[in-house]
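Heads up, the next two complexes both have chain A, just with different partners, chain B and then chain C.
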Partner chain A sequence: MPDLLDSPDSGRGDRPLTAGLDLSFHETINPNHSLTVAAPTAAPLLLCQRVSKWYGPVIGVNQVTLELRSGITGLVGANGAGKSTLLRLITGHLRPDLGCIQVRGWDAWSTEARQHVGYCPETDAFYEEMSGRQFVESMARLCGYSRREARKRTEAVLERVGMAGRAERRLRGYSKGMRQRIKLAQALLHDPELLVLDEPLSGIDPVGRWEFIRLFRDLAALGKCLLISSHELEELEKLTDHIAIMAHGRIAAVGTVAQIRDRLDNHPLLIRIDVRGHSHAEHGNEREARRLAAALLKLRDVVGVELLDSPPDESVDPVLVRARNPQRFFQELTHLVLEEWYEIARLETLDDSTQAVLGYLLRGCSA
Partner chain B sequence: MYQSIFFFCFLFSLSFLGVLGVLAVRRAGLSQTRAWCYLVWLSWQRQARASQMVWIAVGLLAFAVALVAIFTAMGAWSMHYWRWPYRQGPTFLQWADEIQIVMSVRDSSASGQGVQAALAAAVRGIVEHSGFAIFSHWGVFLLFLSFLLPLFNLSFATEALGGERESNSLIWLLSRPLPRPAIYLGKFVALLPWTLGLNLGGFGLLCLAGGQPGWLAFRLYWPAVLAATLAFSSLFYLMGAWFRRPAVAAIVYAFFLEVILGNMPGYMKRISIGFYTRCMMFDAASAFGIQPERPDIFLPVEGTTALAVLLGLTIALLGIGTVIFSRTQYQEIV
Partner chain C sequence: MGESRNQAATPELLHYRPWRGAFRPPIASVWPIARVALMSLFRKWMFWVIYVLGLLIFLLFFFGQYLLSWAQTQAGETEVQLGGWGRTNPRQLIQLFRGLLKLDGGPQTYHNFFSYQGYIVMIVLALAGSILIGNDLRFGSLPFYLSKPLSRWHYLLGKGLAVAVFINLMTTVPALLLYAQWGLLESWDYFYERFDLLLGILGYGAVLTVTLTLLLLATATWLRRTVPLIMTWTTLFFFFRLLASALVDGLRFSPRWRLIDLWNSTSLIGRTCLGVPPRPMAFANQPPWHEAALILGGVSLLCLIYLIRRIQAVEIVR
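Right after this comes the complex of A and B.
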């Protein structure tokens, strides 16, 4: 593996980001539909096997299986989805309650595993009394480098993250973006094979963001494996097309954005629609729900409709719809409701993971 | 003899720590020894950032030294000015003179005169050499041992890991390719110069301010202070690895549990660090008549036994702390 501190060949950054990436999650939108990629041919750099982690009664990570070899993988999810917990498990700061995590065959908790991992944490705590250069050099010395080697590596990584000329100031006076760069610099010091970056682009200005994206691509081109978390899909899409979406502690979807969307389109989504009786005198509540059900069945993406019993003390009639291609279905449903003037009391997707994935795709994708 | 044993044990325990540290890092390659040495150096430097607790401790030391110096200037470390009946009667020195006069009047024979002279000299000797006993009681046992020593230890020892946890900066050490036991032992080694310096230095200053009795007290008691410092440091350092609010836990232990346990009748007091420290001090100063007020209740142990217990406790607490630190997931720092 080429040394990180060798001058990077920027031309190699043009290599498609998908090259060399073998990612297989066994968690899918629907457990019955496996997204498993071909079996690995050699020992993976990172292997998580059915990993679960609880915080008391709350589950942080739920049965996650993950295998990484190289390239950039984006981990996206809302706050509290379990991204940071998964990264802390991978970097050996937390231990899984169930399952196991291995880095190059070593237990992630072990010292040997940490030699292969560079971690850029989300936490914004430093040795504030030090300058950026002193901090990075201290981290290098704590890796076991001699003073001379530590200085050499410090200068190299500071140069790489664009902080070489600004590292003399005390850390407490740094902006958020500069602190992010120092965090990234210390993660690169020992030239790790696996870089785990928790929200590395947060707080960075657009120019700096572009520089970071280019740097990540360069690192990937050098054969490094990067696992980058973010809560913005749009941000990660610029960096990689291999995305894992986390929701409620699980990997809800994985693959390229297009793949995820395709699978979502083919996966029937269960939606509950509560319709209320309205001003049309000739229609009672019962007939209103039936009228909606009949109209829904005419939509091309609807594969089934079911009328449910009305809940007691509520003047609504629930209709359960099973539909493919959710994006198109919701567009058509909107038109239908506006044209026919249905009074919808509630619209709910009954699959949390799918809803989360959908939320991201609808929000984050331009297509 | 006694101090030689102490030195041997102390050097042995330090070597033991060093060997443990080196063994812990050897697994990960030779360069990790260098990383461990740098960790010790870095931690020692970072301990210098005096926290609020340390400033409080230094302030209290200054106050205590000033107080002792005033008492010394007033000649308070002696029974010369004690009175009997309390506050009203003659001073003890006057009593000694009176006893000599009265006895010489009662028996004028040569042998009687000899016995009376010896008795009077003994009384005068006790009164005049009472300074060490009084300084030991008030300056050492009550002020230093019960209050300053635990406070000095907890101010630095709880901060060593507790401060890193509180500021979330422990993550940088835990992210490095250093074994956790090596990190724990390395930070303890870095802590020792500060606690030993503050305790022995503080004790030295206090004794210096105490004049002649203070100097004697320092010569006799410093091994006990050193052993107690090691034991307290390892205990409070362990609390830093264990509790999220180690300073609170350490204060509760030092000023409530130690006091309660130390005054328990029977063998219950033997689970307090202060008990063994006092035993070492009683043993060291036994030639000067320093002993527990009620030996039948205090039930002291031999000085060497006390020393062995304190050093054994230090090593045991370090071992327990190493295991706890190696297994704990510090969720608050990541």
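Right after this comes the complex of A and C.
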């Protein structure tokens, strides 16, 4: 299996290096790669190397290798896939049984590493008698700030998450969304480089979600690295197209959704092409669609073509194509369209969303 | 994503300046943890009933000492008639009261005070164990602490400090106030002549603090819920006391059987610290104090070993 780390076009423009695609569950990082703990600034922000974690006889995380430097990465997977365990390992709540996790070159278990990490856990078990402001300020003191600085930081983050005006109320009276904001506020207190967020959008109203998404984008633009575990795939797609998919304790794939989709050879990409025929010909659309279908079948990456019924109120004929190697297919399709002069009304990929990719991968993993 | 990139290119800056100072070491987070724990203790109105009871005990000793001291200064040399029992000097009568009530600034005064306050402390700790630490483990508040730059040891130290502060606020600090009061009421020489009492108070307080703190942290980490915690503490400090009494006083077993009564052991060490003279009849059935110290030390060590193992166990995060 080719490795995205080796491929020249693997990285996004704003992401120097990401972990590799690993559909066949073999390792992507050189195990002999040496780390310089003495010079933490030169180290990647987050480096997980062959990390495994057992809960008795059950394996929670299995040989996970992951490297993050900046930007937003979505962590997705089914329940029990090992996402929360991985997040706890990264934030130093759990210690790996095998492998190592380093944050800026420091062992994730160490207090030095935690100065670089902000964690927003999924649970919201607060001290219900405290006000939101008191809770966040208490957390600020734990970060190592003086009382005065802690107060300043508290006000700043409360304002940032939109809770400045409501922070005097007791936590027991907070809605789910307000609790999420307070959790995020305490994670932002020490201006961490790595933000680990476990289901941060859960229970937040649409306006709040938009505010959070904007905040996450702002943080990413400021050079922060965000690792977001979420089941809200639509919201996650708005945030980033870079995801890590977990299944059965392993990182099944890391990369952009398109990169991962491209590698799913067992699941040819579904593409709908709406063809518009020449207006002067009778049944021009249908004839053009058939002509295109015949031409498409000659392309080496096309594994199937299907002619669909035309929509009643549109003068187009849709063609459904199944193609492997999407990148090469689209290049050849472009040549074909230009040479034969087809009039394409619409071109749409039907199964390259995060949801679809996740579905294919998880079905593949469970098979 | 193109749209998002454009939006991300002009970020709305966070409203705080970059931190240029040095972070305080993790040990500095121990007090904030203790503070939060103490606040959660003092916020429970139900506990205030018990605190008021503790305050009443202190006030009883405080004003008892004050009133008897004041009465002694008011009493003349003239003898007074006590009904049909004869005549007596009021000063001698007050002195007798002081001796009987043990409100004479002696070691027994402080030992009694510690004993009474000790019951109050036990009740509060049994009820508050789950609030202090059990709920953090049970409901998942621990990740908030452990995601900050501090270790599990700092977390436990913070919680332990909260328990220690509470115990000392209820016992050692008021005992020291009583000591100071007596010195001011009677004579400054008291501070010099009975300096051993000051050390005894601090020693007794330290024994209670170390033993009860470790025991509470261990049992609360283990049991987490309030009801099992109360049942365990009741067994340790009430039923074992009854059992020890039945075995030694009823069935005439060896006085060493009293060592299963941890409260009796702390009391024995407290007596030794304060230099309370032994009462022949009652003390004959007691084990030697050093055996009690050995038992308390062993229990504390076991609690510490359990906490070390528990801290190392990854399942600490639920």
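Rule of thumb we're sticking to: the second predicted complex is superposed on the first by the 222 of 367 C-alpha atoms of A that agree within 3 Å, B and C clash if a C-alpha of one lies under 4 Å from a C-alpha of the other, contacts with A are read in each partner's own complex, and residues count from 1 in each chain.
As a working rule, a contact is a pair of C-beta atoms (placed from the backbone, for glycine too) under 8 Å apart; a residue touches a chain by one contact, two chains touch by 3 or more.
Keep in mind the model is a prediction, meaning the values are calculated, not measured.
S.K.: Mind checking the superposed model to see whether chain B and chain C fit together on chain A or clash?
M.R.: Result for chain B and chain C: clash.
S.K.: With both complexes overlaid on chain A, does A:342 touch chain B (first), chain C (second), both or neither?
M.R.: Neither: A:342 stays clear of chain B and chain C.
S.K.: Just to be sure I read the superposition right, which of the two partners does A:218 touch: chain B = first, chain C = second, or both, or neither?
M.R.: Second partner only.
S.K.: Taking the superposition as given, does A:241 touch the first partner, chain B, the second, chain C, both, or neither?
M.R.: A:241 contacts chain C only, not chain B.
S.K.: When the two structures are overlaid on chain A, which partner does A:119 contact: first (chain B), second (chain C), both, or neither?
M.R.: The answer is both, since A:119 touches chain B and chain C.
S.K.: Please indicate which partner A:152 is in contact with in the superposed arrangement: first for chain B, second for chain C, both, or neither.
M.R.: second
S.K.: Of chain B and chain C, which one contacts the greater number of residues in chain A?
M.R.: C
S.K.: What is the contact status of A:191 with respect to chain B (first) and chain C (second): first, second, both, or neither?
M.R.: The second partner, chain C, only.
S.K.: Which partner does A:95 reach: the first (chain B), the second (chain C), both, or neither?
M.R.: Both partners, chain B and chain C.
S.K.: Would you indicate which of the stretches 4-12, 22-30 or 76-84 belonging to chain C has clashing C-alpha atoms with chain B?
M.R.: 22-30
S.K.: Can you list the residues of chain A that meet both chain B and chain C?
M.R.: 55, 88, 91, 93-95, 111-112, 114-115, 119, 121, 123, 125-127, 129, 138-139, 141-146, 186, 190
S.K.: Which positions of chain A touch chain B when the two form their complex?
M.R.: 55, 84, 88, 91, 93-95, 111-112, 114-115, 119, 121, 123, 125-127, 129, 138-139, 141-146, 186, 190
S.K.: Applying the document's contact rule, which stretches of chain A touch chain C when the two form their complex?
M.R.: 14, 53, 55, 88, 91-95, 111-112, 114-115, 117-119, 121, 123, 125-127, 129-130, 134, 138-139, 141-146, 149, 152-153, 156-157, 159-160, 186-188, 190-191, 214, 217-222, 238-241
S.K.: Any idea which chain B residues touch chain A in the complex?
M.R.: 27-29, 31-35, 38-39, 42, 46, 49, 167-169, 171-180, 329-331, 333-334
S.K.: Given the complex with chain A, which residues does chain C contribute to the contact?
M.R.: 1, 4-5, 7-16, 18-19, 21, 23-26, 28-29, 32-33, 35-36, 39-40, 43, 135-136, 139-151, 314-315, 317
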